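Each of the two complexes below includes chain A, the first together with chain B, the second together with chain C.
Moving on, here comes the complex of A and B:
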């Protein structure tokens, strides 16, 4: 059992290490401290929201609205800030807006039993639409310095967001591994009916996972606004695919009940390193989407293959 | 001796870590019903998967001959072309296509590029006639009963013009009468020269209809018996590898106070809200008692217990635990009130396949192993280990995933899960379906032990010998209503069937 685990994590770390080395040899800028810090920051952004995506996928659900929720969280927070609300209250308002989308998602999926893909594609459009209506397509700025510090400040020259991401990862990992909630979530993802019959409140578990992912997405949206010194109307576009791909590459199953937050760290690191490397290697940005698409399908393919192998036993 | 149709020679198949088949030789003759019996994991299904081409010819050693000619199957299609038709345990047909379309699924091409439906329907009718099924070829499959669907899967197998029919647990979801009809059809097919290979856990069927029985154990063929020399005791002891004098270890234990009473239970029909699938059912069960619930499939037995447990909604009715009226709206509340339910289809809602044995055992009692909001690993291991050992689950350790266990061991884990919740009333819905003889015996033993400890047990069973031998009292349902109650000692198969079918037999 132990041995197998090591081999598995090696398989995931291998390509990442190889990518770093190759990129570093071709363009030594890769290993410069400023690039590594940039990379760490972008990994931390993706990681925060991906922890939430891990929870949703573990419960055998899906959320495609996270990119829009990031935009909405940032926009609401920015709107409050440009109207001179205090920073703390603006952040809470941004999170609240994100939570509302999460609750709507949860009600649609859990209570109305609309397929998660369709429900969240719907809220993805609605949330982005609200952002556009509010901002009229223009970013909110200038933002106060006290707020910008959240996204731009550093400790020992490491961005705050890296510490925040680490904190969320540790909590996220701990909850999955050690608490009845985490165990129940894994069970619900593995077999929803059996979990219900075993006395687990399936609706509560799924509901909370959807609210959680939206909160984390809204939070990243806010940090991103702080980082960019402005709340952009198109912030977070396409992140749903990147995050889902990262989580699946990290070994969490599309079909629920299998995976880990630790794996998600690797998945996020790989995804962000790829896009960083593509910039450094002067690959056209237009190729990035193609790469993400291919990686995503390949990762899901491997996941499906794994399940088939289990079923064949 | 009739001519040999099939010869499997020295078949050896290994999976990582286990030899599933070890030098197996098997022959089948024209026009016979050959039964292969053995406990789960004996290698029956593996052998049949080799024969049907599910395992490609390069994944095992050995040879297969059909009509004296050596054959090699790379896939199921080649096996089908060689005259072998497999009828699987689970129906694998399209419920929303009609009967004729299902019969020729994948072979519609033989009716022209633009399918000539008239021809297809006519051809379908001729095969339906062979299985004596009086349904319209354009009927949608979903609208037909389980037994009719099963017959259609046989008709489909026949339509590929086979010499050998393999039936894997064909009666698993059929009632006694429906099974009887299926076997009558098998006897007729045999007369027409088909060879039927039957795999079944229901030994009474095997003894009643087989011409020959081959016993397998641990991947080897142990013995072959001709019909004239069938000896039930000998065959069972060959299957389990030890002598078994009694299939049902029922013991008398003192029956004490009433523990649960159900009054006027009604449950709406899942497909038709105006109809009731359970209507005005009342019964009570006492400490130490094993209460059997009999009836045909569709009589509302599972729906009744599912509604008691809060899995499906009831229309009306009350539950009293030890005289106190209780309200149960979901399984969580049922568990808290001291009820446990081993559901009918463990794969669907009995266990989480991707989780370990340990995690499955503790799944319904997470609160008991949690301290300060955290699951205590040691406490969990200790609690699970107790049942793992008590129920003798066969697995290398408790980290093994449920997916990889045999049906009998999965059932033991499900049972462990419910015992850990400390129930006062244990409801078992078809507890031994698809489980081998040895494990069945162990499960009966556990039931008796639990009854002796003062638990009340309710058991739904379609297997009449089991129902009659294990129950202290039998309530028979028919059409959703209580048709009658029989004390265990007076119960006979005829009496139960009489009540279940609502007619004198």
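Moving on, here comes the complex of A and C:
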């Protein structure tokens, strides 16, 4: 069973590889090291938050507030920085703010039993509202160099954010596959009632996954502010849809209980590669959305078709 | 039930704590805004002193009546509209009138119409707003006029409506200015990439149309591509990177809204291409001005939101005083900000 899963996730590389090869043939610049590094950086931002989204979806829950939380994490961190707080403390404040939203989400969903979609839509508005109140629509700028290095620094000409994303992916993958927590999360997503009866602390599992996704979202917001040398009030707007799409393309079920962090890597890579390829292939901006939609459906369709064939055998 | 109440209380406390904890610092940017606004006016009126002084001024005025105007903002949390609002507030201080601001944090024409109707119902003495969509806002303006409430439009006009006056510069003209500036900056030889906001945004459409028309007669000017960054800074940087890869011959970038030029600036600085590529943008955000100072961005087109706001209040006051307005379309003009005037353009505007 385990082996089969690994093979499955390997085959999922198909659509992505096809896209890369086609783009590379038409415009060889695609495979230039500087383009690949740019691409890796774009993927790393989406990937960090998508690991969190994978956890939430695995637990058969949903979080629409992550985009706003990204904005909030960056804004709080930026606010502290422009008031000359030390970098480490500012980052912790940004993460704390994100964690608070995560806790509120978790309390609303787990303890108050408000549907996740509604609860997190609510916090999505509140969190973005707080950002608007704080920033009054103006970005926090300028930010100190020590902070900017987090988003702009490189090691062997690879941006730090790529290493950070890799680190989070490895931990995220390990926790799901190898720890009791990961197995419980899968079980909770697969069948909440059965998990409860078999002694899993369902509330605790769901609670932690919501706090985790907010923390990661806030963290991306902070790195993004460092990358952009400014905390933008509208940072992260619309990212909830991109991240959820990337995770689902990566094979994680919207209904919980099935999926993997590895798949999420592929989903994120596909999303960002499409957007990179659109420009390199000189696709008109008016046609890009159609193309993106078609490629997304085709990628998932290829996968579904293949799984069906396997099942029919 | 108990748990539920507790949880709701808890979450409210948390959001409140978030707000309170930061309350002190929030006032700083607000205060500095106020200072800027006051620095922009010639009259010594101090906006910070607040309403008390305004009211005193009113009573000391001959006519003894204070007007209540309403400003319906399309987007209350945006730098540009905050600048308009600041202009309106300083205009209100100058004229000794009260202004009530209504608006949402999302651009929504239905909401704007609703707020205009609210102002009509509240029997305001005048309304300042913008015609986000002339077709939708027009009837609301007509309703206000029918109710005897004069409407002054800023930024975007609805010429077919019964609005009393319009203060602003068309986005087409602003884009045309940007195109002219691009010709000047590149000596008429440029392969241009455009970074716009969202696809289908009318402001962007008009500016790009103006830009295209400005460069149409120059044989050496060519637009290679138009990409949309959705007014998101990170997306903007990614688009700029991708465009540099996809069009190695590109030597100029035009950002048709506030994000594009700054995003391009970040990428160019990162890749050591500052100055090699001519960047012209829109709006005078602090970052954009810094990039102009350091030579990464060549120039930016600035509309005059502060002027629009103050002029609108002045016109409304004059109408209410029974004066005839001879000029109903007032061109507020644009300013091209480059390294030469980046430090002085704000004073020059007065």
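Just so it is clear, the second predicted complex is superposed on the first by the 274 of 313 C-alpha atoms of A that agree within 3 Å, B and C clash if a C-alpha of one lies under 4 Å from a C-alpha of the other, contacts with A are read in each partner's own complex, and residues count from 1 in each chain.
Note that in this section a residue touches a chain if its C-beta (ideal position, glycine included) is under 8 Å from a C-beta of that chain, and two chains touch if they have at least 3 such contacts.
Remember, predicted model here, so these are calculated numbers, not experimental data.
Student: Kindly say whether there is room for both chain B and chain C on chain A in the superposition, answering fit or clash.
Tutor: They fit side by side.
Student: Once the shared chain is lined up, is A:214 touching chain B (first), chain C (second), both, or neither of them?
Tutor: neither
Student: Using the superposed model, measure off the angle between the directions from the CA centre of chain A to chain B and to chain C, in steps of 10°.
Tutor: Apex at chain A; the opening toward chain B and chain C is 130 degrees.
Student: Give one of first, second, both or neither to describe whether A:196 is in contact with chain B, with chain C, with both, or with none.
Tutor: first
Student: Tell me which partner A:32 touches in the superposition: chain B (first), chain C (second), both or neither.
Tutor: Touch status of A:32: second partner only.
Student: Contacts for A:44 in the overlay, against chain B (first) and chain C (second): which applies, first, second, both or neither?
Tutor: So A:44 meets neither chain B nor chain C here.
Student: In the superposed model, does chain B or chain C contact more residues of chain A?
Tutor: Counting contacted residues of chain A, the larger count belongs to C.
Student: Using only CA atoms and the superposition described at the top, report the least gap between chain B and chain C in Å.
Tutor: 14
Student: Same chain A residues contacting chain B and chain C, which ones?
Tutor: Comparing the two interfaces on chain A, one with chain B and one with chain C, no residues are shared.
Student: Which part of chain A faces chain B closely enough to touch in the complex?
Tutor: Residues in contact with chain B: 1, 178-180, 183-184, 186-187, 190-191, 193-201, 257-258, 310-311, 313.
Student: Going by the contact rule set out above, which residues of chain A touch chain C in the complex?
Tutor: Interface residues on the chain A side: 27, 29-30, 32, 34-35, 38, 42, 45, 76, 79, 83, 97, 100, 103-104, 107-108, 111-112, 126, 128-130, 132-139, 141-142, 152, 224, 227-230, 232-235, 237-238, 275-276, 279-282, 284-286, 288-289.
Student: Tell me, which parts of chain B touch chain A in their complex?
Tutor: 15, 309, 311, 330-332, 334-336, 341, 343, 348-355, 359, 363-364, 366-367, 370, 373-375, 399, 401, 403-404, 417, 421
Student: Please name which positions on chain C make contact with chain A in the complex.
Tutor: Contacts found on chain C: 3-4, 7-8, 10-11, 14-15, 18-19, 22, 25-26, 29-30, 33, 76-79, 81-82, 105, 196, 199, 225-228, 230-234, 237-239, 241-243, 245-246, 248, 266, 270, 285-287, 290.
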